[in-house]
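Each of the next two complexes has chain A plus one more chain, namely chain B in the first and chain C in the second.
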Partner chain A sequence: MKRTGMKRSLLTALAAAVFLLCGTMPAIAAINGITGTTFNLTAKSGYISTAEGGSYLAWGYANGNGLMQFPGPTLIVNQGAVVTVNLTNALAVPVSIVFPGQTGVIASGGSQGMLTREAAAAGGTVSYTFTASRPGTYTYYSGTQPDVQVEMGLAGALIVRPGTPGQAYDHADSAFDHEYLFFLSDMDPNIHDAVAAGNLTPDTTSHFAVYWLINGRTAPDTMAAAGAAWLPHQPYNIMPMMHPGERILIRMIGAGRDAHPFHTHGNHHRIIARDGRMLSSAPANGADLGEQAFTTSAVPGSTVDAIYTWTGDKMGWDFYGHAGPGGETGQACVDAGVALAAGESLADHCKPFPVTLPSQETLTFGQFYSGSPFLGAMGTLPPGEGGFNPNGGFLFMWHSHNEKEIVNFDIFPGGLLTMLLIEHPSVPLMNP
Partner chain B sequence: MRPSRSFWIGLSIILAACLLSPSWTVAGVNVQCPGDNDGDAQWATAGETQPGNTQCMHLAAGDGFVTMADGHLQYMFGFSDVTGVAPADVMNTGMLAAQFPGPTIKVKEGTNFYLTLTNVGMVMRPDLFDPHTVHFHGFPNAASIFDGEPMASISINMGSSLTYYYTAPDPGTYMYHCHVEATEHMQMGMLANLWVTPLQDGTDPGTNCASQKFVYNDGDGSTCYDVDFPVQIHAFDSNFHDLHVAVQPLPFALMKDNYPMLNGRGYPDTVNTAALPAPGENGGKDSQIVSSLITATVGQKVLLRVSSLSTVDYYTLTVLGIPMKVVGKDAKMLRSSTGTNLSYLTNSVTLGGGETYDVILDTAGVTPGTYFLYATDLNNLSNDSQDYGGMMTEIVISL
Partner chain C sequence: MTTFYWKTRIKSAFLALVLFLGLCGTSQAAEYWLRAETIAKNMPDGAAITMWGLASCTDGTYATCAPATVPGPELNVPVGDTSLTVHLRNNLTGPYTEPISLLIPGQQTSLSPVMQDTDTSGRLRVTSFVAETPVDNTSSTDYVWNNVKAGTYLYQSGTHPALQVQMGLYGAMTHDAAANQAYGASTAFATSAIVLFSEIDPLLHISIAAGDYGPGMGMTSTMHYEPKYFLINGTAFSTASPITVAAGTAGSTTLLRFLNAGLRMRVPTLSGLYLSLVAEDGNLYPFAKEQYSVLLAPGKTMDALITPANYGAYAIFDRMLGLANYLQPGGGMLAYLSVGAGGPEKVGVFRGGYWYRDANGNNIWDGGIDTTTRFGITGDIPVPGDWNGDGVDDMGVYRNTYFYRDTNGNGIWDAGIDSTTKFGVFGDTPVVGDWNSDGISEIGVFQNGTWYIDFNGNGAWNNGADKTFTFGAAGNIPVVGDWNGDGSTNIGVFIPATGAWNLDLNGNGAFDGCVIDGCYTFGQAGDVPVTADWNGDGTTNIGVFRGAGFWHTDSNGNGVLDTGVDVTFKFGIANDKPVVGRW
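This part shows the complex of A and B:
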């Protein structure tokens, strides 16, 4: 299948991201969002873009008087905080917010709707107050005609942080070096087109998604910089980055109509919590009941927290490309003066690369291929090949394994897909 | 297809004499298998010695035809096993030899596993020059170079070979598939079973396990089984395949499967223990050799290695009349981090694409007879418009 067109747009979209790869490293990669105890959101409309060039009317929550955005602002609060969300409605239909997983939510103002109090069309307001009693990953979305309004984009993430920084919950099993939001959704453009044509109550029973998104973007836009000027209504990106041995916290939210089996290349992830609750046999036992998986489903309305790490252990060869002066391996190679990289396992130290790679004219090269099998190394590639892996990192696709979902309509690749970047320990990470 | 490929041909490749650069070799069929001198990925020839702890395999990637249970002839892409074939014969042997599912790979934990993939091209689509890969789906701590995901690594062009290496580090039920243009190549059938057996096999952990076969290194015999069977979920969208062989534009997002299958067949073909009749369009090469008939004698523990490589839908499987004990998920034994056994009994398992389950059926006390394993999303009990068949097979328990 020809994919020349996609390659071009991949190159375009990634140019900004690669620029940022060379930047400096923040101490801990934080999830983009807004913090505090009082949030002023406005429901309004705007247009979201798909990576193959589509543009669709969407509704979303804006931060204050800002632009409508999808997903809505990620609300980041501290455990125990009394949180107030004031919603102003700039849409032509009533709108509300529900906070699944929060208890004791007090809604005030507006008028009573089916699931909660609603802000009236065209300027109405409503407020919600609750105590963020438990840490975890949660979602929020419209409780008003949600079949239409959530499809249109009125949904977001809520993160409640525990007292201990660098943890998702009150246990070291949830400690992380980097954390990323994976807000997984799907989109049926027919519904958006119907709303754009003035039908505010379109039929959603025949919903048939042809777009699949992470944090509101389709690949390769997922990997472009956060806040990219050309995606004004989709400010959140997703391109996880780490060094060997570091721990990534995956905060995954099923935010669409369908479940999506999310597959992490490179290694398993360990599920530590579901719906904001650690998988514990007892509070002191951490995530002892959490299972390891290479594919985990994001089920609509539910959340999963998982820890991903990658060490390269038991690879059977030295992925740093270390070589003993006399062919030594293991401790003998250390003794011969070849030091281990940080965290490298002694077992594979200085073991040679096990095969001979085919000659270049027999190969097709990926845009993220460095030209070398070794971490942190660059190899020679034919002109025009590679180019999006300036530090010789290892990249692994994280994607929906219902593979139909990694397209943008009829163009592959796209959709619910991003790349994990593992950089050499000496290379600073930039988390765009 | 990469148009830029044509630009490389004829280029003289100057390689930097960098410490980190591996050496490069020439084009063509090229098996890399330690101790194998004649390139057939075996040690059958005089003078060849199989090194310890080493296993080799040679797969061809190409196209071919399979037959759906209602008789519909289906064009596909797939893998075939060319292990033991002389290099000069590999292209001819591998062409139009695609199998569905591909050859099962079974390797013992800790083995140095060399898998050579030769791209024999798509005979029915001479307009295409697609490369292929093997993705060892679920293998832990992988390196990009052997991950088979083409954006982050390399894929092999027509007429040439690429050798993958893994140590098969952890036991369990995995899968493999081509990852090039994954939506397309996987829908087209480049899918197969991949199992890693544990070091504990052949040992006695002090429990009653006469077979000395285990799913995992459980330490207590709790994953003991007597016989194991593949239960790999596939489904085809015949419209997609028919458009493909007709060289028409392909509908990705509108993909809709209408042939739900187990191990590449719909019921009742699933219970046929023989290879299905080879389509003439294949030149008589068998393309569906994996039966899904599950047989055991009363008292045996039956391991179902359940996996899904469906590209569109979730599926739920049940076994009518025999409880299903789930002992593993995604090639990991169900154990808490402190060692508590978290296996559980159920009547169904649900899989999205890319998930696996290890399910043990304990037939102690089970009345001999025929039991059914099928998709509980009952619309999947169909072969296109033939509304009896699809994702179902039989479990025959005898005395």
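This part shows the complex of A and C:
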């Protein structure tokens, strides 16, 4: 009982913090990251936190003289830009960066390593220059002993924007209203502990992950605010939000050592690109070779772009609570003068909620439950229940479909998990 | 009905004709004689792993066989052949051996499972998918595939595969639909290369070598599999001996055949290039997929085309991070695709500090078109090389133990910018080559039969990191080139008194006799040896510069001067120093 109480107050505090931070922070870009053409990164160490209370040594790329962060800064550049990444190494081992999917990368300085030129330990520098010739979602990571250094956290995302705003690629099939990064990784604490104990060449062949992360965080930290003060080395959050009918661009990166089957509740998503290339039969044909899926793996080192939308289709009731004057549904209800609302599916228009809600004393409540089956509406809740969903939104869990990956070192729930929040069109989104 | 009847008749007549043509035509069978042997494979960390390899033999006597390897030899069914026959012999040795067999998933043949091992209920258990070859080194079993399908396939043992595939009984089987076309015109290629991934869990191999495998023994099954070594084409990467895969030349298309003989997923990831994925499991895709990496499941094959614009070494590695050699990080499944410069090398001469170079490659001096450039002084030894990896050879000279190199490639000496490096001692002969196949030329010297090679390319001698070879003798003239087309420069010597050449064809830095390495006679006393890729095939061939500026080149690459066939021309004058490169 005591533990439950503790947990609840922690969660309440967390929720309060979320709202506080969101209230005080300026509007943030759709995907947190740094923009420009020249980036100065520093490889350094720090500690990352897991939601059940763990703390592990990690290596990561910091923005300039900032704190080490995992993932490294998301580099957001425009197509055609000549990008320079200057890397300074504050670690005790040589490091480097490779940019899979970029052609013509020129490395200068440092010394030649296995995959590219490397910055020497303790202060060495190296520079990489390339032209971001094609738009898309990419990743970058260390090309030096990657079996150790990728595990330790030296990895990040690279986004190349096309000339047309609001699209991921040069085709309308990639148009989106909101975009979110899903940088999916895994962690074997034994390797981190070995490095922390001074073994810089740990055995990576017996890798066995017990943590799974999105954008560097385990659930429920995934849903805490970006830049949360208590996660100084994990600045990126992930809690996708949308209004009905809008399109979310999922930019997914396989950033760990294993593939993670990412599952979207609420609807299927349409895969439109892999490895920064649209799934096209010919360049002008958009994502005509795209495919629907409700579970998609970005295999390690690769990227997937997918479009997700939600209209309430096939829910079986009108989530806005519309009613036809004579009980009409669908087109007949529109003809009877009840217009479709934003993002609503025609098939379920004006369909009444099909069941009578059970009385409250027979229910248990989740903190996200609004008390009402209608979007944007609040129902009656017993004292102390609910509270995480003040606008009456709908929530769908997005998570690894490898169910053992939604734990934090065997403690459920956690891991590679977040919630999609669908808000009423009148509600501004906190994660735009 | 009438129509149907006629159709049937026509069909029968047609079939008869086809059969007739088939019988008297050129349809042939590819035939291989393989022998399984127990071998030791050395890992970069020093471990010697007992493996079961396959040796390719010349005929049914099994008297002449190449050394057994893991993976086994490529089984290629040439274009035009329709069937494949493998005669398999089993010479496995050691305290634990098993009958073996061969299976090619994706190629149809009639299987004849071997059932044995009755359980307590009297039921039989399959122990082999196909007929077995017993461990007798005497008999042989024939495995036959008719109507061979085009594509890339993995062959492996069909007997106790959980154990025997791990032990090394696997390899690539290939068959092209047409000459230089994997599946048809959409998969045309100039070069093809095999990139085969596999793994080693040393515990099994130790148990087999010790006869400690089986019921009641130290190791009872292969259940607890945890690979520690990660191989491409049978080799685990180390910086001391990097893996290179010859992958054609710049501007031309290379077919990469990916195979996974391991038991874990792999993700081959290519640096600096995209793959055009065209086929999977020997099946052509309706649309190619453009990716820089590909998920390669165990037992799977994938075909991809690349057409690199620039030459160089492109790293390919496993992003599932099979990138360690057991306890040593930074090894495993990493190889360099070596893409050669397109086209033949061009000639030039060095005379009194001036370089006269045949820019248009017609082997004739064209004043006003070809280039004259001052770099160096009278008495310098010209040492051209691609110092910056841009695919173009730059100038350089060796003078009094110093290399002066035009590292920024602008054709003039820029003090403080271009490189000055001391390497060697007085009397050494300078040599230049891409020793480590990174696409950038490195330096070296030859000193009375001993070679000192700047393998790590830092311009200085580093004991351990750099390499030294003994090849040739005092008085020999060192020659270098990529004799075997693997992307790294190999060594050799020219004996000026006789015109004899000894070339390190296998690239091990030692002379292994004329059967393994190459011995030729080309030229005569007083000739100056010149080596270049005369015909643009990606391998270096030999030649000589003689008298008043005559070049005699082995342009057909057979090691013999064929009058009227090999190209001979005049470029330069007496006492010029010949140079070759891609200008």
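As a convention for this text, the second predicted complex is superposed on the first by the 382 of 432 C-alpha atoms of A that agree within 3 Å, B and C clash if a C-alpha of one lies under 4 Å from a C-alpha of the other, contacts with A are read in each partner's own complex, and residues count from 1 in each chain.
One rule holds for everything that comes next: contacts are C-beta pairs under 8 Å (C-beta built on N, C-alpha and C of every residue); 3 or more make two chains touch, one makes a residue touch a chain.
Keep in mind it's a predicted model, so treat the numbers as computed, not measured.
Student: In the superposed model built on chain A, check whether chain B and chain C fit or clash.
Tutor: Result for chain B and chain C: fit.
Student: Please work out whether A:Pro100 is in contact with chain B alone, chain C alone, both, or neither, and reply first, second, both or neither.
Tutor: After superposition on chain A, A:Pro100 lies in contact with chain C alone.
Student: First (chain B), second (chain C), both or neither: which does A:Tyr369 touch?
Tutor: first
Student: Put simply, what angle do chain B and chain C open at chain A, by C-alpha centres, to the nearest 10°?
Tutor: Nearest-10 rounding gives 90 degrees.
Student: What is the contact status of A:Met114 with respect to chain B (first) and chain C (second): first, second, both, or neither?
Tutor: second
Student: Go through the superposed model and pick first if A:Gln292 touches only chain B, second if only chain C, both, or neither.
Tutor: A:Gln292 sits against chain B, while chain C stays out of touch.
Student: So in the superposed three-chain picture, is A:Thr204 touching just chain B, just chain C, both, or none of them (first/second/both/neither)?
Tutor: Second partner only, chain C.
Student: A:Glu403 contacts which: chain B (first), chain C (second), both, neither?
Tutor: First partner only, chain B.
Student: Is A:Asp147 in contact with chain B, with chain C, with both, or with neither (first, second, both, neither)?
Tutor: second
Student: Counting touched residues of chain A, say whether chain B or chain C comes out ahead.
Tutor: B
Student: Identify the partner contact of A:Arg274: answer first if only chain B is touched, second if only chain C is, both if each is, neither if none is.
Tutor: second
Student: After overlaying the two complexes, what is the shortest C-alpha distance between chain B and chain C, in Å?
Tutor: Minimum C-alpha separation, chain B to chain C, in the superposed model is 6 Å.
Student: Could you give the residue numbers on chain A that contact chain B in one complex and chain C in the other?
Tutor: Overlap of chain B and chain C footprints on chain A: residues 259, 281, 289.
Student: Give the list of chain A residues in touch with chain B in this complex.
Tutor: 1-4, 173, 209-211, 259-261, 263, 265-268, 281, 285-295, 297, 310-317, 319, 321, 323, 353-369, 372-374, 377, 379-380, 382-385, 389, 394-397, 400-404, 406-407, 409-413, 419
Student: Mind pulling up the chain B residues that touch chain A in the complex?
Tutor: It is residues 1-5, 7-9, 11, 13-16, 18-27, 30, 32, 112, 114, 128, 130-131, 135, 137-138, 140-145, 147, 149-157, 159-167, 169-170, 179-184, 186-187, 249-255, 310-314, 329-332, 334, 336-338, 340, 342, 351-355 of chain B that touch chain A.
Student: Along chain C, where are the residues that touch chain A in the complex?
Tutor: Residue list for chain C touching chain A: 226-228, 237, 239, 265, 267, 269-274, 287, 289-293, 295, 310, 315, 317, 319-324, 326-330, 332, 334, 438, 456-458.
Student: So in the complex, the part of chain A that touches chain C is made up of which residues?
Tutor: 98, 100-105, 111-112, 114-116, 144-148, 150-151, 201-207, 257-259, 274-277, 279, 281, 289, 299-302
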